[in-house]
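The chains carry the letters A, B, C and D, assigned in the order they are written, with residues numbered from 1 in each.
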Amino acid sequence: METPKYKIALIVGVGEGLSASLARLFSREGIRVALAARQIEKLGALCTETGARAFACNATDADEVERLFGLVERELGTPDLVVYNASGRARGPLVDLVPADVANAIAVSAFGGFLVAQQAAKRMLPNKHGAILFTGASASVKGYAQSSSFAMGKFALRGLAQSMARELSPQGIHVAHFVIDGGIRSKTRPDPEGHPDSMLDPDAIALSYWNVLQQPRSAWSWEVELRPWVEKF
Amino acid sequence: METPKYKIALIVGVGEGLSASLARLFSREGIRVALAARQIEKLGALCTETGARAFACNATDADEVERLFGLVERELGTPDLVVYNASGRARGPLVDLVPADVANAIAVSAFGGFLVAQQAAKRMLPNKHGAILFTGASASVKGYAQSSSFAMGKFALRGLAQSMARELSPQGIHVAHFVIDGGIRSKTRPDPEGHPDSMLDPDAIALSYWNVLQQPRSAWSWEVELRPWVEKF
Amino acid sequence: METPKYKIALIVGVGEGLSASLARLFSREGIRVALAARQIEKLGALCTETGARAFACNATDADEVERLFGLVERELGTPDLVVYNASGRARGPLVDLVPADVANAIAVSAFGGFLVAQQAAKRMLPNKHGAILFTGASASVKGYAQSSSFAMGKFALRGLAQSMARELSPQGIHVAHFVIDGGIRSKTRPDPEGHPDSMLDPDAIALSYWNVLQQPRSAWSWEVELRPWVEKF
Amino acid sequence: METPKYKIALIVGVGEGLSASLARLFSREGIRVALAARQIEKLGALCTETGARAFACNATDADEVERLFGLVERELGTPDLVVYNASGRARGPLVDLVPADVANAIAVSAFGGFLVAQQAAKRMLPNKHGAILFTGASASVKGYAQSSSFAMGKFALRGLAQSMARELSPQGIHVAHFVIDGGIRSKTRPDPEGHPDSMLDPDAIALSYWNVLQQPRSAWSWEVELRPWVEKF
């Protein structure tokens, strides 16, 4: 196995699905993996399978995020590959939303992304090396009806990613934002009967993250859209 | 004077500049105007000139915003034209930003917009009549280096506006977002010598807000870009 | 009546609908109007009503377009307001399209726009005064299935308009592109029963063109989107 | 070597640079390669190196394009991977452009893309298998001053690609558009002294084309942006 370009990965916002696929892929490629989530009890099997370490962290709390990076550094090393994968939303018509829920949705989808990205950048900039990836959604580029809190958080995260790409790329940090335009397939939410591959396979998404990470710096992507072949857009 | 299409305006986030131009224009057109700002001492002259009423309000606080709408209703009537004009930012390289400042910037630029728009929509929907306008910036559509907090707030506000336009337009509420792409001229920040009209005249911006408000519902704009004739874009 | 900002208008691509509404509005505002279309027999009533002069011209032919401007200059004066309103399309699945039809669709929607805009700009630049407006469609910003020729022409026209806005605005020429996102109402194609104002009223569209023309140069729009209040987008 | 997903590639618009990098990469991966260009004398060395076959073709001529596909089919087999790489432009201020040059620029950048894509799609649809890739530029999404003909052609090509992605993806054809946002490095145009990787390495671009081709159909990209790490955008 070649020496991987990145050595220590931190994935923030982990459940089943995309983060698990990323953990497996990174681990298979020889990268040590740290997983952070608010609840880590559910991560036992994934840790066993991939050798990853799990850390409990509320990503919307600046102190907890700083502590998280300290712990990861001590136990695995300084992360040079960070993925922000958490998001929140409050559902329903605009007039029915509870303000505190909206505030929390924005905090989880966007402010947590800032906190994590800032800690990551502080550690990557001295080496002029690292990658910071953000997971977006259809709502990152299109504000749907009855989805205002999700649009706010995801638009904000995209604004952060674009600003960071402009600021940090010339300093050697690869910043990329992925617009996942469709539902992600899972055991509990499989493709509908007769419509194969009509939902995004998380392993297929992970493959595109990986390919972006392998891009030589003369031809970097800052944004990649992914959707199933049959998805309306 | 014709009866104006809208009768009671509330402008949130008022200093000199655009909000004052809007207050003058609305007042001239026969609309009663309420102004809301965190500090209202500075608004005395504008109130005298336009007959507007000023209300102190921290737009990032749900209770204060609800109370604001109650006061405006009691003293002027239910607003059927609401403009959200506040914004905040923390300046500097990503790694130097203070998390609390970033949280505050997002709250002022975007969450306050949600709080105000929600209260506005609650009052407009029963009548299927009203307009909610948002003031954006270059940073609403382009995340600049060293401007991540401003990009986050302004992207989020645009996501809110787009989601609201999709949700509320078919219910008779005109939602529009303005991308002000350039600096706004003021007494303390005039056009540079030899470059006439190289900054946006706030009265000229206000005119475009007004024209959008006059659009018949068969041909509504949800977004309008404005920039000086000589602005690079 | 105030002296209008623009004095001689040329509208290229005229049938019923938007061009007729523009001709009536311009005429009412004291602007002399020239109409150009491939077939001008049908324009008699509109000319009578508005005092406009009609000129036959194939807008995809460079020589004819140059001749058109010469005739308009001689008979009405040099146009300082030019609207390009023609478009063409070949319908059907990609594989069924006849290449010559696609070439023609691109020529009518986009190349004709270039020819007209170039002649207009040549006459406006010496005076550093004038406006050139382009009529776009949903297809200007979204390439729909089975609509490739229309997408090609309308995307191209938008690229032209954006490039011209960057090039000519600082020389005093106002260039603007309108995204008409919905069907335009006409006598033969009225609003469906029970869905008032669900199609764009051409007079309502014309009003927004007019308002853009009145913008002071410190706050110009280069692009405006218009759609019915109930339109999905 | 694994059996490649695609077996016969046709690259249209070949000189040095990206097309040569693609030819080398495809050939190395076991794909048979056909090259088409207006002039093929210069392609001798590349053919020798990669085993590719070269075909002379004016891509703006419908008959020549149809004949090209017939020849490729007979000599190599039916192409299931087609790349359109040709572009044209007329440089200079809008008013100085020669109409015939602009028409030709649009024909080479966009209409040729349609002709090639249509022939490709006709052959791929019966098998519900194939990929059609388009090479865009900064001008595909931004119309620069003094670059109207290039903007027209590249915007149009993007409109075609987006329309085709919506139409053909659900029929199993992967359509993708690449926005190459920066200069491509070559022997005659190397990175400026002291600015390593400030131009796009054509091999790096080719790698991203390849990775898009490997995407499973549950997570396809229709558009990918690529730029050097230090590129302003």
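We take it that contacts are C-beta pairs under 8 Å (C-beta built on N, C-alpha and C of every residue); 3 or more make two chains touch, one makes a residue touch a chain.
No experiment lies behind these values; they were computed from the predicted model shown.
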| Centre-to-centre on C-alpha atoms, which chain is most distant from chain A? | C
| When the centre of a chain is set as the mean of its C-alpha atoms, what distance in Å lies between chain A and chain B? | 32
| message | Rounded to a whole Å, what is the gap between the Cα centroids of chain B and chain D? | response | 45
| remark: The positions of chain C in contact with two or more other chains are 166
| message | Based on which chains touch which, is the overall arrangement a line, ring, star, complete graph, or other? | response | ring
| remark: Chain pairs satisfying touch are A-B, A-D, B-C, C-D
| chain A - residues contacting chain D, complex | 166, 169-170, 172, 174, 185, 197-201, 203-205, 207-208, 211, 214-230, 232-233
| What residues of chain B sit close enough to touch chain A in their complex? | 62, 93-95, 97, 99-100, 102-103, 106-107, 110-111, 114-115, 117-118, 121-122, 125, 139, 142-149, 151-168
